[in-house]
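Input: one structure, supplied below.
Order as written gives the chain letters A, B, C and D; numbering starts at 1 within each chain.
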Amino acid sequence: MKLYEYLAKQMLAEHGVPTGGGIVCETPEQAEAAARKIGPCAVKAQVLVGGRGKAGGIKLANTPAEAKARASEILGMNLKGYTVDKVLIDPQLTIEKEFYVSITLDGMAKLPLIMASAAGGVEIESVPHDQIVFAHVDITTGLLPFQCREIARKIGLTGDLAKQFVKVLTGMYNAFRKYDAELVEINPLALTDNGTRLVAADGRFNVEDDALFRHPEFPTVDEGTELEKKVKAIGLAFVQLDGDIAVMANGAGMAMGTLDVLSHYGGRPANFLDAGGGSGVEPTAQAFDALLATSPKAIFVNIFGGITRCDLVSEAIIQVKQSKGINVPLVVRMVGTNDVRGREMLAESGIEAYTEMGEAARAVVKAAYGKEA
Amino acid sequence: MKLYEYLAKQMLAEHGVPTGGGIVCETPEQAEAAARKIGPCAVKAQVLVGGRGKAGGIKLANTPAEAKARASEILGMNLKGYTVDKVLIDPQLTIEKEFYVSITLDGMAKLPLIMASAAGGVEIESVPHDQIVFAHVDITTGLLPFQCREIARKIGLTGDLAKQFVKVLTGMYNAFRKYDAELVEINPLALTDNGTRLVAADGRFNVEDDALFRHPEFPTVDEGTELEKKVKAIGLAFVQLDGDIAVMANGAGMAMGTLDVLSHYGGRPANFLDAGGGSGVEPTAQAFDALLATSPKAIFVNIFGGITRCDLVSEAIIQVKQSKGINVPLVVRMVGTNDVRGREMLAESGIEAYTEMGEAARAVVKAAYGKEA
Amino acid sequence: MAVIINKDTRVVVQGITGSQGQFHTGQMLAFGTQVVGGVNFDKAGQEVHGVPVYATMSEAVERGGANASIMFVPAPGAKDAAYEAIHAGIKVLVLIPEHVPTQETMEIMQYARQHGCRVVGPNTFGLISPGENAKMGIMPNHIYKPGPVGIVARSGTLSYEIAFTLSNNNLGQTTVIGMGGDRVIGTNFVDALELFNADDATEAIVMVGEIGGIQEELAAEYIKQHVRKPVVAYLAGKAAPAGKRMGHAGAIIEGNRGTYQSKVDALSAAGVKVAALPWEVAELVKESLK
Amino acid sequence: MAVIINKDTRVVVQGITGSQGQFHTGQMLAFGTQVVGGVNFDKAGQEVHGVPVYATMSEAVERGGANASIMFVPAPGAKDAAYEAIHAGIKVLVLIPEHVPTQETMEIMQYARQHGCRVVGPNTFGLISPGENAKMGIMPNHIYKPGPVGIVARSGTLSYEIAFTLSNNNLGQTTVIGMGGDRVIGTNFVDALELFNADDATEAIVMVGEIGGIQEELAAEYIKQHVRKPVVAYLAGKAAPAGKRMGHAGAIIEGNRGTYQSKVDALSAAGVKVAALPWEVAELVKESLK
């Protein structure tokens, strides 16, 4: 889960990282009051997408009245599909130099990874590798000051600025650990006050979804569409796509493979849906129902019955058909545990069932678009 | 540094260990008021020596008036050389069974050591080894619940009591780590409330002196004599002993060896003093001065000049002699760095100086007691 | 012959008394696996399918002689249970649970590394050696048969599909390894390739990969340098858009890392035959064994 | 010949710019030790006695080629500095500071163990190999000479006294190891005995022990089983009362552990000659070498 900039900075400030002390506001009036305290400021849209500066989501204001005006422009604005409902009133900084520093989870090394660069202020992907310092943290030992000092030196910080950097990085790491982050990023880490002070001018903080159960303190920010939220509420992995053939499969790999096969034969998948291994009748029926509600041109169900029992999947489909009716073409491919019984049940309800995945995919494409794949 | 029982329990309670909720009091009136809240109680002298129960430092009271009476008996009482100035008013517990549990520093394994036993309530030294569970904690990993469960099971705790024990031991360990303890002990860990609840009925908590710089929150309890405090304030290791020949040597091993040699020849050392390696003239003079103030029968100085320069030691001694006079026999043994000069300086001031340790020891014994060793 | 587990593997089931634990204990026993015990602190002394339940892992090791563990403990208890297993001396640890916080997985991996314990998973379907009647996992028993193919897969059902096709084409398996779908896993493609490469009974290797991460790319590098046995791959996620996480935590295309094409290119360059569709894998394996 | 350090040891001094660091760098250089660098983050680029000061340990290793470190950092910074040294790949680490909190020493020891680094100390006077012109410590240079005796000691000055007597009796030393006076130390009697026992040049071993702990008892056990070279011991603290800490954190008699008599009994039973007075050690060594 991504946190808004203001929350990210709050997590960092809690751990001793200087953040400029901005104030989050929900109305132009609040922004005006905040600017009175802060002085010349930046009015920054609180959204979870990148590139908000270029999209007009950050504006400068030199007086409280200007801050109010800028805030009323930004609040309510649509930024890449998200409506802005909060702005951060942040002090304007005179920046001498911009650094980059982040901590992420490195899956290959199986350790937290620190990246730091003297070439900050731009997306790290655009910085040449030889200008980035990479350092893994021994997760059992933790991050010790010496490692921070080594990194500081490699990005050109010495003396008191190195000491400040140790504090910044230590604070980031402590927050990273405490809140089970998958990303903590400060970009830019700004050198201000005539080169005497480091300040986190922007901050990103992504908490891992799998660890949210430990952190009820975070307000849930759900980034999905309405349909995605609905299916996720059933407990299934779901992603909405651009196409028009709804897809249900069991297992994430199988679901991905199903999209691939469908696409291979000219179909346009409307979604990714992992109906799970061994889910019961009820959630399967609910998921199927949700797919149906999007009015696709056809529905493709692809089941390899391992733990999943094919007869139970059939039961779920038949339940939906009987209660609400299925008014679009439905193609089912079903093999594995209890597959004969499952296919029989479907046949009795007038639903086509295949054993070969390719054959089934071609059939659903034809049913959807009225032509051979 | 040892903490009083009430502070030990406070540290434990902070970390989720149930402690009975006693109240510390400094007057009989406070004890009466506390007993009103607590009900039937034990009035427990807060001293840092063991065996206070047998010495009359723990008394039961069933009413507030009794608590007041018992407190006035105990407050001000002399317990093994310490004056009682605080009592803990602790609820009386109906104890079904007493367990023992502690965490200490195991120097050989270089890891924290948990000891637990179902034979609690007595000193752990008196419990047979096969009735004690020993378990080391991986200090980098920390103490995990599974290890607590294993210990619980080995001392006969299952079900909900095992869960309580996990909480107790986890709390003890967290406190042990947070406060740099060298000992955290609960004895007895009492099974009360008809066998449904574990409570720390007594607690010991020793914080390591070397880590006190990290814990300004602890009130300093200095356990030494006046003279010990005075010499420690100079920054030197000092222990007062029963004898009458004051001893100064450089280095802890050398100081111990000096006591041994002196004793070997019939001398009775008055103290252990490690004057340090390479200390300056001033602290050496101060330490020497402090020894002198105890009016010993003689003073024995034994210096092996490594980093310590013999001439500087001579300078310190001469400084004291000139400013205050040395009115007891003084024997110096001095070899090593600048020893010739050092001995010359002493000779010029009329002080005997030897090169052989045994010879010097015999001389000081003769000087002190007027007879050959 | 097989890798990681064989007929001598003595399995303990952590969380044996839960519904998943009970069901799969029965399935593993049915496959012929030596399940020597289960663990649940509060239910010690009971039995599940005739298997004794111990209070702690150290008891399961001392009294049951267990040397491998499969874990059905819910994610919040996974770290504690994993440490318990490793601390007790377990040398093969299969972590079934999904949604284990990644930082905890990292801690588990470091502890395992320090104690010489092989971890498979988390979020895996486990592993199975059909010729050895050894199974530590949740895959269906009936789709496998003994034979010369080693399979390593990121996802479960897709690998079942492929294993089943292989079995139906008389291409049985030495061992099938489920890597797990998380970002941090104990045994990855390179580890599995190393094992299969050294296993005399394995004549061909099948990789079932997917988009996200760089594991397939690293595997390609390893194959180029070390593997002389035929390798066939199928990769899922060709049709998946960038920036969307496809079920598995690892299956997300971030920046220019982990795309379908980069994986196909890397593997092809290493001499791996990449199947465009799942059912083509069997054909490619058959050809490569000629 | 010598143990732990020799003429190839390339020493870095952590905290070289402090007064202790500067003084002893000079002394170590005077002894002929290869001091290749010092470390102080804020004083990088300076020199101390002609030795370059680096900002970090990794620079000292990469640019100075250091493989051993002696630390003069005050106790509160010891853990950080020790981890820095071990992380940089240092294989011999001598911890001079006293008053390092024991729990931190334990953490250092575990990190060192995981990375194959030998630690000497903390609260040690260091070690010296006279025949190799190698010194990492704070002992006076002039009292040692090359020869066949290995010395391992808990305390500094007392061991100086004994080493000096030995040298004056023409009994030089292979290596003198200061174990350190703390409760938790990196290299103890058993470790040192093992090294001296395996060192061809060492013909006799001198232990300088003291009351407290059970290290001498464990050493006796080890000697009985493994050591065939003559061992002579002197133990300080015969006259010390129980329950009082004699300067060193480890030198305290607790309960019935660590008494003078138990140590003398254990060592005597293992065939060790225990000197009653410090100056008797040289005589006993001389006899044992006949």
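Quick note on the criterion: a contact is a pair of C-beta atoms (placed from the backbone, for glycine too) under 8 Å apart; a residue touches a chain by one contact, two chains touch by 3 or more.
Because the structure is a prediction, the values reported are computed rather than measured.
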*Quickly list, by label, the chains bordering both subunit A and subunit D.*
B
*Longest centre-to-centre distance from subunit D, chain (CA-based)*: A
*Can you check how far apart subunit C and subunit D are, centre to centre, with Cα atoms defining each centre and the answer in Å?*
49
_Distance from subunit C to subunit A - Cα centre to Cα centre, in angstrom_ = 27
*asked:* From the mean C-alpha coordinate of subunit A to that of subunit B, what's the distance rounded to whole Å?
replied: 56
*Where in subunit B do residues touch two or more other chains at once?*
140-141
*Of all the residues in subunit D, which ones touch at least 2 other chains?*
107, 111
*Based on which chains are in contact, what kind of graph results: line, ring, star, complete or other?*
other
*asked:* Let me make sure I understand the interfaces: which chain pairs count as touching?
replied: A-B, A-C, A-D, B-C, B-D
_Under the definition above, what is the set of subunit D residues touching subunit A in their complex?_
41-42, 44, 55-58, 79-81, 83-84, 87, 107, 111
*Complex contacts: residues of subunit A adjacent to subunit C*: 105, 107-108, 110-112, 125, 138-140, 177, 180, 182, 208, 210-211, 213-214, 237, 239, 241-242, 249-257, 259-264, 269, 272, 274, 277, 304-308, 335-337, 356-358
*Report the residues of subunit B in contact with subunit A in the complex, numbered from low to high.*
140-141
*subunit D to subunit B touching residues, read off their complex*: 75-76, 99-103, 105-107, 109-111, 138-140, 142-143, 153-161, 164, 181, 183-185, 208, 210-211, 213-215, 218, 234, 236-241, 244-251, 255-256, 276-279
*Residues of subunit A defined as touching subunit D within the complex*: 141, 144-147, 149-150, 153, 158-159, 162
